[in-house]
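Which chain is which? They are A, B and C, in the order written, and residues in each are numbered from 1.
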Amino acid sequence: TGVAMMKFKSPPVNSLSLEVLTEFSISLEKLENNRACRGVIITSAIPKIFSSGLDITEMCGKSLEHYTEFWRAVQEMWLRLYGSNMVTVAAVNGSSPAGGCLVALSCDYRIMAESPKFSIGLNEAQLGIVAPFWFKDTFVNIVGHRIAERSLQLGSLHPAPEAHRLGLVDELVPEEKLMEKAAAVMAQWLALPDHARQLTKTMMRKAVLDRLVAHREEDIKNFISFTSKESIQKSLRMYMEMLKKRK
Amino acid sequence: TGVAMMKFKSPPVNSLSLEVLTEFSISLEKLENNRACRGVIITSAIPKIFSSGLDITEMCGKSLEHYTEFWRAVQEMWLRLYGSNMVTVAAVNGSSPAGGCLVALSCDYRIMAESPKFSIGLNEAQLGIVAPFWFKDTFVNIVGHRIAERSLQLGSLHPAPEAHRLGLVDELVPEEKLMEKAAAVMAQWLALPDHARQLTKTMMRKAVLDRLVAHREEDIKNFISFTSKESIQKSLRMYMEMLKKRK
Amino acid sequence: TGVAMMKFKSPPVNSLSLEVLTEFSISLEKLENNRACRGVIITSAIPKIFSSGLDITEMCGKSLEHYTEFWRAVQEMWLRLYGSNMVTVAAVNGSSPAGGCLVALSCDYRIMAESPKFSIGLNEAQLGIVAPFWFKDTFVNIVGHRIAERSLQLGSLHPAPEAHRLGLVDELVPEEKLMEKAAAVMAQWLALPDHARQLTKTMMRKAVLDRLVAHREEDIKNFISFTSKESIQKSLRMYMEMLKKRK
């Protein structure tokens, strides 16, 4: 059918580690270069969680070289996904904070399981850190400046119904209908001639993609200098402790 | 009353041919220079159709000189209408795809006949072509980035009620009340002091107008090189065949 | 509690005179430099009016030096408020036209008394003048381009329920609950780590703040040359006469 399926499967919570991100980018690149593949549906193989976002252990107590490599992998994943020529549909079958939210935001269309137990958002501020400007740009392109400003400052995680009301996801369906709906949406988008659709997508997204490309090294430096701060390291360690206790 | 009325009247479907566009721009210029005229209502004299958009016969099997002249006329029309000092109200009394939609989007206010049989949108992608960046800029200024991205990629034609929900048109009224409503809206806008209103309009629209002015020749080159492609010529011929069969 | 309260109290209608603006900026600066202060609630001590906006007597029949000093004070107030590191909540307990609206728009969150008798908006066009570009930028960041374009051209004053529908204010509450609600919202925002929240706020607002900083002298010149025009002076005098008769 020309449609690929990518499922996050890194127990327990689909953290985006350096390894996962690298694998994700390579898979995307392969699909992109495969002329038979015109669209990809992204979902999770783990119940209740789409992706918990960037793996915090990659940002804690590691070398500067490691931080550099990790951040470049995060950038690479986003550049490939947000700039993909394929139709990209996120079937958000669980919670999706921070980097997990970014993955969903970077697709062409977001369908979410309608349970209010699942939430989505760029909650970086809650952890004492700041979403990078290109996370913000992606978010603003979807929900507009005002909703983004408030949501990012509060680090909000929006339950599915609220996320839908804000425009953060396009559609809610019962969880058991999610894949069926994703396939139907994909068919609708693939009905368009690829070339015209791709040029249109590029026209809409190029400004924001170009901004990261132009400031990529600077963005890495910012990430490293921010993350290396003792106060930030402490915040992240505390957050990880809290997560461990929760289990 | 200081209000002019312009009615598209090019049977069968108010295509925007080179001739129609040129006449439209000249009429606008005359009204603009007429101090007695402060506003213009744009509508159609043909039932069920506002305007079917750019005349595809002008883009098919013609010389490069012709394409250049045609595209310059499209640009000219938009620069005059979107940048008009007059109050411009679109009374959309029928369907309005592609270039027809652009005309409506370029006015200060859009009232549409409420019938769900009438639709409006920038459906270029459906034809295998791409809306130019300034069509897109005009669209984004009205409905925001997200709605524009989705609608342009899908080449959506939105039935009137949906167009109203998306903010693509400002108001729906029964068809028989359309002109009455347009006159009432015009009176409301003309109650403002012209000078302050005009300066405010310029402040809101200048960035987008300037962008085309700065890239006008490049935009013509893009149009020609895209339109001249054999694959695009084929798409357009197929589309025209389909339209002929429909009749 | 780390929360300051600022109340406009310049009878009869909380006009923003040079003196009031200067005092406001100095107060903000002091709070900003006070490490114990993390948030400020802005409201009015005068019933039915939040602030009537810039004091027109400062713009009428004065010297160019005076206009310069006045306009610089308006800019200064906005730069401090829109760029504040504190959490800023507007408790809009009455009408808030023009400059009064700008004060509310520059806060992080706006709660308004729900009475439809109270209205808010940038109504400059009604007076024959034009909102400066940074008033417009602040407005667009909140309600988007389309609503801003229409509202600014018409110089609309939106009754509280409409203002809420448009996103111009975030929440409506009965007037007697206003301060309680403002305190609750403030507590919610202060629950976030200051540093992450501040960096996020800067990321969202910097582009618009920088634009005024870069064009500050030019903006003053524009204000003076526009305001000094005999036609504008006449409009403002007429408006003041009308206000006097109303009392």
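In the analysis below, a contact is a pair of C-beta atoms (placed from the backbone, for glycine too) under 8 Å apart; a residue touches a chain by one contact, two chains touch by 3 or more.
Protein names from UniProt, one per chain: A, B, C = Enoyl-CoA delta isomerase 1, mitochondrial.
Remember, it's a predicted structure, so these values are computed and weren't measured experimentally.
J.: Is the way these chains touch best called a line, a ring, a star, complete, or other?
T.: Here the contact pattern is complete, since every chain touches every other one.
J.: Please state whether the interface between chain A and chain B is built from the same residues or different ones, using more than half shared residue numbers as the mark of same.
T.: Different residues, largely: of all residue numbers at this interface, under half are found in both copies.
J.: Can you check how far apart chain A and chain B are, centre to centre, with Cα atoms defining each centre and the answer in Å?
T.: Computed from C-alpha means, the inter-chain centre distance equals 36 Å.
J.: So which bits of chain C are touching at least two other chains?
T.: Residues 144 of chain C touch two or more partner chains.
J.: Considering the complex alone, what residue numbers of chain A touch chain B?
T.: 108-109, 140-144, 167, 170, 188-189, 192-193, 195-197, 199-201, 203-205
J.: Looking at the complex, which residues from chain C come into contact with chain B?
T.: 124-131, 133, 136, 144-146, 148-150, 152-155, 231, 235
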